[in-house]
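There are two complexes below, and they share subunit A, which is joined by subunit B in the first and by subunit C in the second.
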Partner chain A sequence: MRDVLGDRKAIVILLAPALAFYTLIKLVPILWSLGLTFFDGNVLRGYEPVGFDNFTRLVNDAVFWEATAFTLKYALVATVLQVAAGYLLAILYVFVLRKGSALLRTVVFFPVILPTVAVGVLFKRLFGIHPTPGPVNSLIESFGGQSLDWFASGDTSFLVLILMDVWRSMGFFAVLLYAGLVDIPEEVIESARMDGAKGARLIRHIVLPLSLPVLLSAVVFAVNSTLKVFDSILAVTNGGPGTETQPLTLYMYRTVFTYNEYGYGSTLALALTIIAFAVTIVIFRSARKDVTADKAASR
Partner chain B sequence: MTTLAPARHLPQTSAPAPQRRRTGGARRFLARLPIRLLVVAIVAIEVLPMIWMLLSSFKTQNEFVTGSVWALPSSWDFGNYIEAWVTGDFASNVRNSIIATVPALFFLLLFGVAAGFALEVMVWKGRSTILLMFVAGIMIPGQMLLVPLFITYFNLGLTQTIWPLILTYIAMGLPLTVFMMAAYFRAIPREVFEAATIDGAGMIRSFWLIGLPMISNAILTIGLVQFFSIWNDLLVALTFVTNRDLATIQVGLLNFSGEYGAMQYGPLFAAICLNVFGTLAVFLFLSKKIMAGMASGALKG
Partner chain C sequence: MSARIRRRRTRLVPALAGLAALSMVAVACAPAGGNAGDGGGDADGGATEFTFLTTVENPQIRDELTRLSENQCSAENEALPLVVDTIPQADVNQRVSVLASQDALPVMFVSPTSESKVGGDMYESGALLDLEETLTDLGAWEDVLPAAASTVNTIYGDMVSLPFQYNIEGFWYNKAIFAENGLEVPTTWDDFTEAAATLQEAGVQPLTASGGQGWTITRYISTYLARAHGVDALAQVSDGAASFTDPDYLVAAQELAGLGEAGYFGQGIVSRDMDTVTAEFFGGSAAMMYNGSWVLSNVYDEEDNTVGVDNIGFFPFPEVTGGAGSIDDYPANTGTVTAVSAALYNDKVGDWLACIAENYGSSLLENQGAISGFAQNTEVEGVEPLVAEITERMASAEDAVIWLEGPFGQRFGDAAGLSAGSLVDGGISPEDYMAQIQDAVEAE
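Let's turn to the complex of A and B:
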């Protein structure tokens, strides 16, 4: 039986296609991209080795630091708001609406599957001011306020981008966290209720600690997708005004395909990868500390 | 558990029960009112932008410039849609998206399930290392692959074809698919496959006849996730296909909104509507299939 379960021919037949695709189109390009960070040039004019020049340029590149700061700020704010909105919705589904939450769950989930480009173009019009004020501005005007050109400054553009991302993805996090909350045994909640825990106290002392693992995976997921934000910004602000809303992904893209600097573009991609890994590791580390601290306290 | 439940509820409900009966539905309605308002507000936030978009897609250019944003369109004619369909070349965009998505999704799922089976059900040295190698790929941003892949596709002369999209989508979807499929296979008792082996089935046979059918629901779920990430992709489609005739729906919409739609709002909204409601229809169709699949799976199990 061991022989059959370990049948080499079968293993090769089943695994080879996936492994070949993964190696040729993912692993090899990653290594190649790492190698390119030591070169300058592009596909038409060829490459020349430049040693560590790309890295010194990176450290001294103000646009890179601006893009990095924007990316981190965007990821932090978007992650906190997405996961918080998703968690509140999940609590609403599980503890308030209970069995009647199916319809709301579906409606809030809809934007998740919509193309980012379409949502982006839609939000650009929602907050637009030309030729006539869009719905948001006309709402402001009807309350006696002044119409605002949201895309004229980096700060208000940032606000629109964040609102859009939260609108689009809170349904996803709500369903993800809903699955975690439903798994909490009924007995635990009931016995806490009998001990007199209600409302906010029940959530804070019973539900929140028990749903920490799912919250952690939601945060990791949200951070990793918001660090790589690209489509929506391209569709809404195209990085503007100036480069104020330009994330690393877009800067990298332009460096390669507008300025044809393949070596420096690869260096930027590497920087993004390192940031994504570093942030994920930091989150896991601090979460583990939290969980162990909680356990020690409860003893 | 069912026998315990009434006893547990008793101390809670015994005291306020008679009072609640007397005041009847009015108080209960008022008590639920804030929640109802909250639900209505949430639904409004999600749905109103889409309704506004739908209404706007029927307006004429003149209505955009002079009329109120809240006004209903003066007539329900499909001129904007025809305009978007013809000028935006929507039909060929849809065709390109389908040509890229369907084969990519098919091979991605086939290869992913097979690899998950080989890595989880079969027993051999080094399988956990290979699985870890796949999982590590989940974290790598697509930007890391853009430059080398572009050089390769360019040198092979593939940038004028749809092939770069199919190949890249398969490779980029594999880490998550393999990881999830391995997890689903882990949940199936090993005895199932051992019994098949005793009955004389080879591993390829047990994969087709036992492994694949047993996780068909998981395949549908992961298939749905991967479908939307491929269908909605912009980065890969924008980078690797330089030929305008091969633009996918998302690239087409981006171009349309930048060049033509910046001036012509009606056709732009019509184009967004086609994109959004088309995707929504696919989702509703597929999720119904998934529900049916789940129900039949539950009956069999």
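Let's turn to the complex of A and C:
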């Protein structure tokens, strides 16, 4: 085995099929899509080079900026709430329920395995007004209020979308962060308690700093998934009313598959990739700064 | 084993392994075998099966063609068997474009509306058969109703679609509610708004429409414009002679928004879907509904229509006083574009088309109570009165009113349709709405 792994040719031969396959199914389409940003057309009409026209159009496209603003707002709010809800649940599992948390963990995790579209339909019905008021509107009516068409305005639609996303994914983040919290040595917690740290102080000064790496992973996961949100919004609001809840992914999908503009759609895809990449780098950089600051402080 | 042989083998093994790896990749990436995607064609390009790609949501055409294949067109079916495949409506644009780019279209297929017009990618690719020329050659052009042919030509610029459906649109109303409130059928826009106000005061929801299906709302704008400025009102916008933001065009959106502001559409129009609209109207909780003649199937369905067949009536979109349009011009359409592949056409396909043209109209009316753009060559007995009335109105129509999205592309369709509910609901002002759709016209 050592002979084989020590032989460069053997390594290349062993890796070549997988590498070639990966290149074909991953890198080629990415490069292809990148190339399309300099073209206009579609599979039927053919493609003609347009230089940087798609990028000029992107900069001047009001719908693009509206979709970008919505995407960033959605990613920010959803990430904060998803991770916060997940973290609170993880603390509940580890420090309150302890070994009795298995049932709650399973129940809270359950929405994660449901198909997104099914969850979307569920929330649409939950907040619906037709053909009869859904449970939320019925509750409002039972308190003497008037039913509300939650999907008639961008703000209330946004609220429903965020609630749905948090409900659906907090179980995942709770489990992810739970794994990080149980890794904190019991002795550290105990000694902090003996020193008088309890409740919020214990969380703030001991648990939070020690779970920062896994918290960072959770934030990166959350940001990237919420920046690319698509199916849940398609199922619940279809980007409406108008285009008020249209994220970049949905705009990109419509541009390519409804308007048949493959070149401009690829430019939108590139913009989304750059945004996701930039946000991830910013998160990592800020986390690294924190670590450096901590080290400097400890010297 | 000598060192030389060992060295040679050492070189040979990586070479063979590399070759095997490349073969595996090549095999993995090669297209699947078999005749999938050949669209039912033979090596010469002609069809070997009468393949038909239609939408999942519309069973009417495939059901009737299957019936014809077992009866009037059984000889044609024996020579060229009918094979039906379905796709969701939402996938039509993408799937059909890809099939066309790969020369894998079926013989007959649902085609993307905006791309099938003259100037659209499907049309310009030459994939669509010229149906007027073909049916004339087959001696079957007489079997296409002139009004239906005119509608197809007006909308698409050429005869690219078989008129498997022929619909006119207008207001369906509840006769009992009208009688209870002492209302006559309105013939002018002023009468119409007065009738709606009377109903509202009486505690009856006057109108229903769906924000989810924006066309049920945008038709108010296009038909109002046709009544006010004539049937070429939209053509003037597409030609650049007029703009949606012109005051005399803006008024159409203002009138519509006024209906919404008065609460005539009831609560929650933005999220209301089409099932709710039909349930409200046929359940008697809304007095009027703008819709097409395809709802005749709901009218005669006892489960859907709980107010009774005799209580349902139809009237055309009212005239605008002093307008250039006529109340006898109806918004009309021939359903989803159903085109025929130019590449797969041969004599057997021609036989099928001739048989469809001759028999489809009567067969559809007899079996499904629906109206198509094909002549009814066999007399159908027991036609329901409302069906007969609609057929008569179709025959008397002088010009077709094009719907708002008709002359424009898909981007315009989204700009108009996605915000239509908000226009009625007050989420967007008439000025902003018309500016938005005018921007879409200019962007295209």
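Please note the rule applied: the second predicted complex is superposed on the first by the 281 of 299 C-alpha atoms of A that agree within 3 Å, B and C clash if a C-alpha of one lies under 4 Å from a C-alpha of the other, contacts with A are read in each partner's own complex, and residues count from 1 in each chain.
The working rule: a residue touches a chain if its C-beta (ideal position, glycine included) is under 8 Å from a C-beta of that chain, and two chains touch if they have at least 3 such contacts.
Quick caveat, the model's predicted, so the values are computed rather than measured.
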Per the contact definition in the header, classify A:260: touching subunit B only (first), subunit C only (second), both, or neither. second
See if subunit A has more residues touched by subunit B or by subunit C, and give me that chain. B
Which partner does A:102 contact after superposing on A: first (subunit B), second (subunit C), both, neither? neither
Who does A:239 touch here: subunit B (first), subunit C (second), both, or neither? second
Have a look at where A:252 lands relative to subunit B and subunit C in the superposition and call it first, second, both or neither. first
By the touch definition at the top of the document, which applies to A:43: first (subunit B), second (subunit C), both, or neither? both
Classify the contacts of A:84 with the two partner chains as first (subunit B alone), second (subunit C alone), both, or neither. neither
With the two complexes superposed on chain A, say which partner A:182 touches: subunit B (first), subunit C (second), both, or neither. neither
Kindly classify A:151 by the partners it touches after superposition: subunit B alone (first), subunit C alone (second), both, or neither? second
Please work out whether A:17 is in contact with subunit B alone, subunit C alone, both, or neither, and reply first, second, both or neither. both
Shared contact residues on subunit A for subunit B and subunit C? 10, 13, 17, 21, 24, 43, 131, 257
Touch list for subunit B against partner subunit A, complex: 8, 11-12, 35, 38-39, 42-43, 45-47, 49-50, 52-53, 56, 64-70, 107, 110-112, 114-115, 117-119, 121-124, 130, 133-134, 137, 139-152, 154-155, 167-168, 170-172, 174-175, 178, 193-194, 197-198, 202-204, 207, 228, 231-232, 234-235, 239, 249-250, 253-254, 257, 261, 265, 268-269, 272, 275-276, 279-280, 283
Complex interface listing, subunit A residues touching subunit B: 1-2, 4-8, 10-11, 13-15, 17-19, 21-22, 24-30, 32-33, 36, 43, 89, 92, 96-97, 104, 107-108, 110-111, 113-119, 121-126, 131-135, 138, 167, 171, 190, 193-194, 224, 227-228, 230-231, 234-235, 249, 252-253, 256-257, 262, 265-266, 268-270, 272-273, 276-277, 280
Residues of subunit A defined as touching subunit C within the complex: 9-10, 13, 16-17, 20-21, 24, 42-45, 128-131, 147, 149-153, 238-243, 254, 257-260
Can you list the residues on subunit C that touch subunit A in the complex? 14, 17-18, 21-22, 24-25, 28-29, 93-94, 97-98, 100-101, 115, 121-122, 124-125, 211-212, 267-273, 275-276, 279-280, 409-411, 414, 418-419, 421-422, 425, 427-428
